[in-house]
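In what follows, a single structure is set out as structure tokens and then discussed.
Labels for the chains are A, B and C, by order of writing; each one numbers its residues from 1.
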Amino acid sequence: MNTQIINTQIVNTEENQHIISYKMLGIVLAALLVLTGVTVAVSTVDLGVFNVPVALLIASTKATLVLLFFMHMKYESRVIIVSFISAVVFLGIMISLMFFDVAFR
Amino acid sequence: MNATESFYNTPSPPGLKGIWAWLLTHDHKRIGIMYLWSVGFWFCVALCCGLLMRIELMWVGKTIMGSEVYNSLFTLHGVIMVFLFVIPAVPSIFGNFFLPIQIGADDVFFPRLNLLSWYLFMLGGLLAIVSLFLGEGFPDTGWTFYVPFSLTTDKNVVLTVTAAFILGMSSMLTGLNFITTVHRMRTKDMGWMQMPLFTWSLYATSWVQILATPVLSITLLMVIFERVFAIGLFDPGKGGDPILYQHLFWMYSHPAVYIMILPAMGLISEIIPVFSRKAVFGYKGIVISSMGIAVAGSLVWAHHMYTSGMSDVAIFVFSLLTFLVAIPTAVKVFSWIATMYKGAIEMTPPLYLALIFIYLFCIGGLTGLVLGAAGTDIHLHDTHFVVSHFHFAMFGGTGFAFFAALHYWWPKMFGIMYDFKKAYIGATLAAVGFIFHYIPMFILGMQGMPRRYYDYLPKFERGNFLAGLGGFLMVIGILLMFYNLLISFRKKKGAPQDPWGGTTLEWSVPSPPPLHNFVEEPKVKEYPYDFSEVIARAQDAQDAQDSEEEDGEKDR
Amino acid sequence: MEKKIDKTGVRIGMWLFLYTEIILFGGLFVLYAAYFHKYPELFAQGGKELNRVLGTVNTAVLLISSFTVAASITALQRGKKGQTIALLLFSICCGALFLVNKYFEWSAKFHHDIFPNSATLQDGPDGLNIFFGLYYVITGLHALHVIIGMLLLTITLVLVIKERVHQDRFQLLENSGLYWHLVDLIWIFVFPLFYLVL
């Protein structure tokens, strides 16, 4: 355990020392760039009603990769995971309940 | 330094003197006190606005002001009351002061961020004042800033809306601080189910503050963009939909009313057990219902929009969801009554005000159902019925809970006790005045008198006149309560560490508390409302008194 | 006075702040959802008028910069100050490149009389006006956040150089990184919704 006294504060390196390797990060970046290519390619094909869902699905996959690995969420406590999902659910509620109005005018 | 030295004498960071010991403090207790005076100031300003409005309305036609002034006045009253009083009052004053103590911590997690929250609060208030005097004057749109009028009126909408934006930031940061504090700074042995209900209510509130306030932020930003750039996102002439503004606005402002009421209810959940000398009924139920209200409250916003032109499907869906949110609220009211049942009631001003809260808030809640039902709402939307409903809920509810909090925690915050008799008289006058002020408005609303109207049909004059009289009585009662509290500083009647017989941790520390809150390690009870010790102490005191009297008799 | 820094608590605080940013942009996505439902063809038409190449390049730039920011944390955790500085510097440059691209995009549009309340948009179909209105508001607000992110990363860079942020005390780097990733996350959704609309 590595401790130093800096400005009368004792800091230590016990917590969350999970280090993601450059290799892992690189793989994630590669996946993200590939997915970007995929979403651009798919957008040249008209899938009708599936256009938006597919685009959002790919975007969500990319976002999940950024969250899990670049933002370390894979190694975070339950508080952060649950609260993040709650924030997204809240956003989902806002959009979906609003559609009861907009889609039925 | 004496371990029990009051925090008033020990600035933090140390070495600060005079006003700087306050303006640069990191101490959550000092920050709570600063909020007390600033929030109290805004309450008084908005109360005056309200009284002036009601004087104007006491007689048909012009009474003391013109119509444009009236429109700006009700906007000012709403903006100040909502953003500068009802939303911050209980969390920022009493939450800041007592949440850390209740969980056995020595401060909040981010003390400097806490101070920033206060400065943002002051900045927002300052901008609101400035917008009164610049240019064409304070907005006349109502605190809801509905488009298209908020985009076309020539008043200082941008400045006022910026003030509200900054106040939103203050609110979000407070919520952020409280959540982190509750998660990371609970003392040893204080598990989630050992936390007091006030802390739980602040925790639930903080989540709403974090998730809902940003919606208001973006909505207000959109108003600014539209006024400055005329993009047309809410302008039907350019392809926009003004109803979307209402959706976005109420997506925040409905959860906001739960920000207003949850801490108030948490407070009542503290007061009722203490003065019933009995454990609160249904602790888990109250915890779950607090979180449930926070969640359910985010599903019902469009019940403010039944007559806006939205789809019938939406009207049906939101009306149905609105009825659901009444359920957890009822759980709480039931629990309070069940707590008092077969308890050993001791009447004190905090309990008195808490009982008034229950009565007034229930009227507010029940009339909310009338409005939540779409069918009846068509008749009552934008009438004085609505005005009365939300004043019963926000004022009879949170307002009176605020008074109750003052009377409950005054001895702890200042180490002095106030006069009970004046407190009772003030509270009674305020409550009676409140009823005479707002009940006529229900009737006026049902008879068809619109809200936000400067003038009205002659048939409404009697009701408005009566309401005005009630208003005066109410204000007298409130001023008496405030006066009573303020003169306690002069009378300096000392208050003990635990004047009420409370079981939560703030009653185990000196009045007022020392800088780091605790003199000895806080002892957490397995159940936070375990009154066995309190009852035992009271019994011992009673026995001692009895045996003294017996001895006295024997000696004769 | 000894005081242990609760790193998890600091991180929780930062994530809570990120949620407010997510919901802030979320409100704009609510508007997008409603209007896309109302004007699907015109949104597609508007999308075609945006520069796909620049959009894709910008997406890649932000993704790469997210990688370098995450890598800079790894570098600092391993005590490699030099690598950390290089990676941070690269990330900030990526941000600058993004903004330069955005400048070219916007000025091209301005040149074609497509900006808020312009005559072309006023006279044209409503749906196009709404599309570009949302485009400017969202990408504008996003660009503001890119600038803030760059500022945070720059401050962190300076403190890394001064060794005030180092292997045993790097919450500032972590939190600035989280902010930067958020900026990337928002763009991941903005890109298909505006540039790849069909």
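Just a few scattered comments:
To be clear about the criterion, a residue touches a chain if its C-beta (ideal position, glycine included) is under 8 Å from a C-beta of that chain, and two chains touch if they have at least 3 such contacts.
Remember, predicted model here, so these are calculated numbers, not experimental data.
Compared with subunit A, the chain whose C-alpha mean position is the greatest distance off is B.
With A-C and B-C as the two chain pairs, more C-beta contacts join A-C.
Once the centre of each chain is set as its mean CA position, subunit B and subunit C turn out to be 37 Å apart. Centres computed as Cα averages put subunit A at a distance of 14 Å from subunit C. Annotation for subunit A: residues 79, 83, 87, 90, 94, 98, 102-103 touch two or more other chains. Subunit C has residues 8, 12, 16, 19, 22-23, 26-27, 30, 34, 38 in contact with two or more other chains.
Among all residues of subunit B, those that touch two or more other chains are 183, 211, 215, 241, 244, 247, 251. The touching residues of subunit A, counted against subunit B in their complex, run 79, 83, 86-87, 90, 93-94, 97-98, 100-105. Partner subunit A is touched in their complex by these residues of subunit B: 183, 207, 211, 215, 241, 243-244, 247, 251, 298-299, 302, 310-314, 317-318.
If you check the complex, the residues on subunit C that touch subunit A are 1-5, 7-8, 11-12, 15-16, 19, 22-23, 26-27, 29-30, 33-34, 36-38, 52, 56, 59-60, 63-64, 66-67, 69-71, 74, 77-78, 167-169, 177-178, 181, 184-185, 188-189, 191-193, 196-198.
Across the complex, subunit C meets subunit B through its residues 6, 8-9, 12-13, 16-17, 19-28, 30-31, 34-35, 38-39, 116-117, 122, 125-127, 129-130, 133-134, 136-137, 141.
Partner subunit C is touched in their complex by these residues of subunit A: 2-4, 6, 8-13, 15-17, 19-22, 25-26, 28-29, 32-33, 36, 39-40, 43, 46-47, 51-52, 55-56, 58-59, 62-63, 66-67, 69-71, 76-77, 79-80, 83-84, 87-88, 90-91, 94-95, 98-99, 102-103.
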